Amino acid sequence: MSVVARALVALMLAAPAAVAQDARLVARLDKPTLDAVTAIVDSARAAKLPTAPLVDRALEGSAKGSDGRKIISAVKQLSVRMGSARRALGATATADEIKAAAGALDAGISANDLARLRAASGKRPVTTPLDVLTDLVGRAVPVDAATNVVVQLAKSGVKDPEFALFQRNVRADIDRGADPTVAATTRARGLVQRAGTGTKPSK
Amino acid sequence: MADEDDVMMKKIAQELRKPVPVSTSFDARVMRAVRELPRHARRRLWSRLNAPRTITVQPLGWGLLAASVALFALLGAMHASADINRVAKASANFFPKTKATTPDQRVQFVLVAPDAKKVSVVGDFNGWDAQHIEYQAQHRGGGVWSVTAQVPVGHHRYSFVVDDSLWVADPTAPRVVDNDFGVANSTMVVQEQK
Amino acid sequence: MEGSSDAVIVSRVLRGDVEAFGVLVGRYRDRYARYAFHMLGNREDAEEALQDAFTRAYRSLARCEDPERFGAWLFRILINRCRTLGARRGRRAQTFVVDEVAILEAAEDHPAERTAWREEIDRALERLRADQREAFVLKYVEEMGYDEMSELTGVGVSALKMRVMRACERLRELLSEVHSG
């Protein structure tokens, strides 16, 4: 097809609702990468997995200067992890929970641990606890210790703002030279105690 | 006959080439219509043509930055305005997968980076575009950079980009490893403020 | 920014600078308004087609393959808009309106004569078949070469030459009628 004809066809299909491929991906990826990513996105859609994170992952890779091969691999890996995440968290998992869980799996947290956290959290969303767990592991708290700490906090009914504060405090302690595991378990103990007594933590 | 015809065509053409006046409000009408459309957001056209850059974080630079960086993200409450709903609706049409069911929230991003010349926020809410005009931090003085921008409710991955080259995760926000691209990001969960 | 090339401005717009698009509007407005006016016969329709073309161009801007030739790309969009609008509204033989502003702006020695002559040309042009009118305007008014015309319209060169020839014949006919009548 000539350049002109292609342009004319593209213009005729320019209505936003008719876009079959995300316009941002079309703008940023070369054709082979775009086709491969689109195929992964389509499969995810068929499997009823969230597709926005896959598109975002491709855009992220492009922004970070990665080549097409790496981008395709990253999108594929994310798709696989999201599938595992949903199996571990259950069919009612929200898109946000699946996203956060995919990050946790990438950090080395097991599907089994995800299921434990789900069970410990009851009806509360696990999005923030998962982010905190991923962060702890990323700051060199061993996976088992980190999972135990976060599951314990979830069981105690700790809410999202307290989880966030816990994470900031642990980070500050580590930055000042504390052993990561000790920092995490110490702060968690304090939080569980407060959760038990109902007093607000001091900053 | 041919010459006369040619002359006639030339005269006709000359007449038709005269400018046709356009309403003085034309430009304003076009720009008004264009502003209603979803804003474009993508990184520099020509950088796609460059060889892929490896983004490295120099250990010393990282250490200095990490030592001097203190960051906090505040979630500010904002009433859902007609503007936000319109932007959310327009965005929903442009990227059909995204359902804008709750209004965006205003989030403040702060980075202390005394040596930076430019700081931008990138994330899954702006296509990881370091040039996106709404996410450019302003230098407030003393090495403090900040920007308050719209972020949809939900879970997000994001980062700062310093001087268009150095990716800096938010040190106080939860961090997520990135085994694929090698540069860690930050995560946040934006709640709807009631 | 006013002196910047189209590619530079397109790049800015794609990076989120909506207002930069205004420079492109100002740059191409007059020339393309003229084309739309000749194709559609009145200023209101011409401005509607042109505004539509600009907003479509903005929306599809990421698909502009050669931003240095943004003008040609925009023109293609406008040509299509004029075709669609022209087809929808049909002929306006009786409703062609002499633009008062055009009259006032005709600064010639014999303004009355020139205006009448202009009116006749406009009527004759309007009576051409749409595809012939398009080819004629692109060739004689926009002063394009056939290759360029072919690229813009998607029509082959020999077909375009035929259309231009038929347009000239018809215009001669119509305008001779006027002067002999």
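Things worth noting here:
Order of writing sets the chain letters: A, B and C. Residues in each chain are counted from 1.
Here is the rule we go by: contacts are C-beta pairs under 8 Å (C-beta built on N, C-alpha and C of every residue); 3 or more make two chains touch, one makes a residue touch a chain.
Just so it is clear, the model here is predicted, and its values are computed rather than measured.
Greatest Cα centroid separation from chain B: this falls to C. Of all chains shown, the one whose average CA position lies nearest the global CA mean is B. One inter-chain figure worth recording: chain A and chain C are separated by 52 Å, centre to centre, where each centre is the mean of the chain's CA atoms. Work out the mean CA point of chain B and of chain C, and you get 35 Å between them.
Look at where the CA atoms of chain A average out and do the same for chain B: the two points lie 22 Å apart. Within chain A, residues 16, 23-24, 27 each touch two or more of the remaining chains. Counting partners per residue, chain C has 14, 59, 62 as the residues that reach two or more other chains. Taken residue by residue, chain B touches two or more other chains at 41-43, 129, whereas all remaining positions touch fewer. Of all residues in chain C, only 7, 10-11, 13-19, 21-22, 25-26, 29-30, 33-34, 37-38, 43, 46-47, 50-51, 54-55, 58-59, 61-62, 67, 99, 101-102, 105-106, 114, 117-118, 121, 125, 137, 140-141, 143, 168, 171-172, 175 touch chain B in the complex they form.
Contacts from chain A toward chain B in the complex involve residues 16-17, 19, 22-24, 27-28, 51-53, 55-57, 59-67, 70, 73-74, 77, 95-97, 99-100, 103, 106-107, 127-128, 131-132, 134-135, 137-139, 160, 167-168, 171-172, 175.
Within the complex formed with chain A, the residues of chain C that make contact are 14, 56, 59-60, 62-63, 65, 73, 76-77, 80, 151-152, 154.
Per the touch definition, chain A reaches chain C in the complex via residues 3-5, 7-8, 10-12, 14, 16, 23-24, 26-27. Across the interface of their complex, chain C is touched by residues 5, 8-9, 12-13, 15-23, 26-27, 29-31, 33-35, 37, 39-46, 129, 131-134 of chain B.
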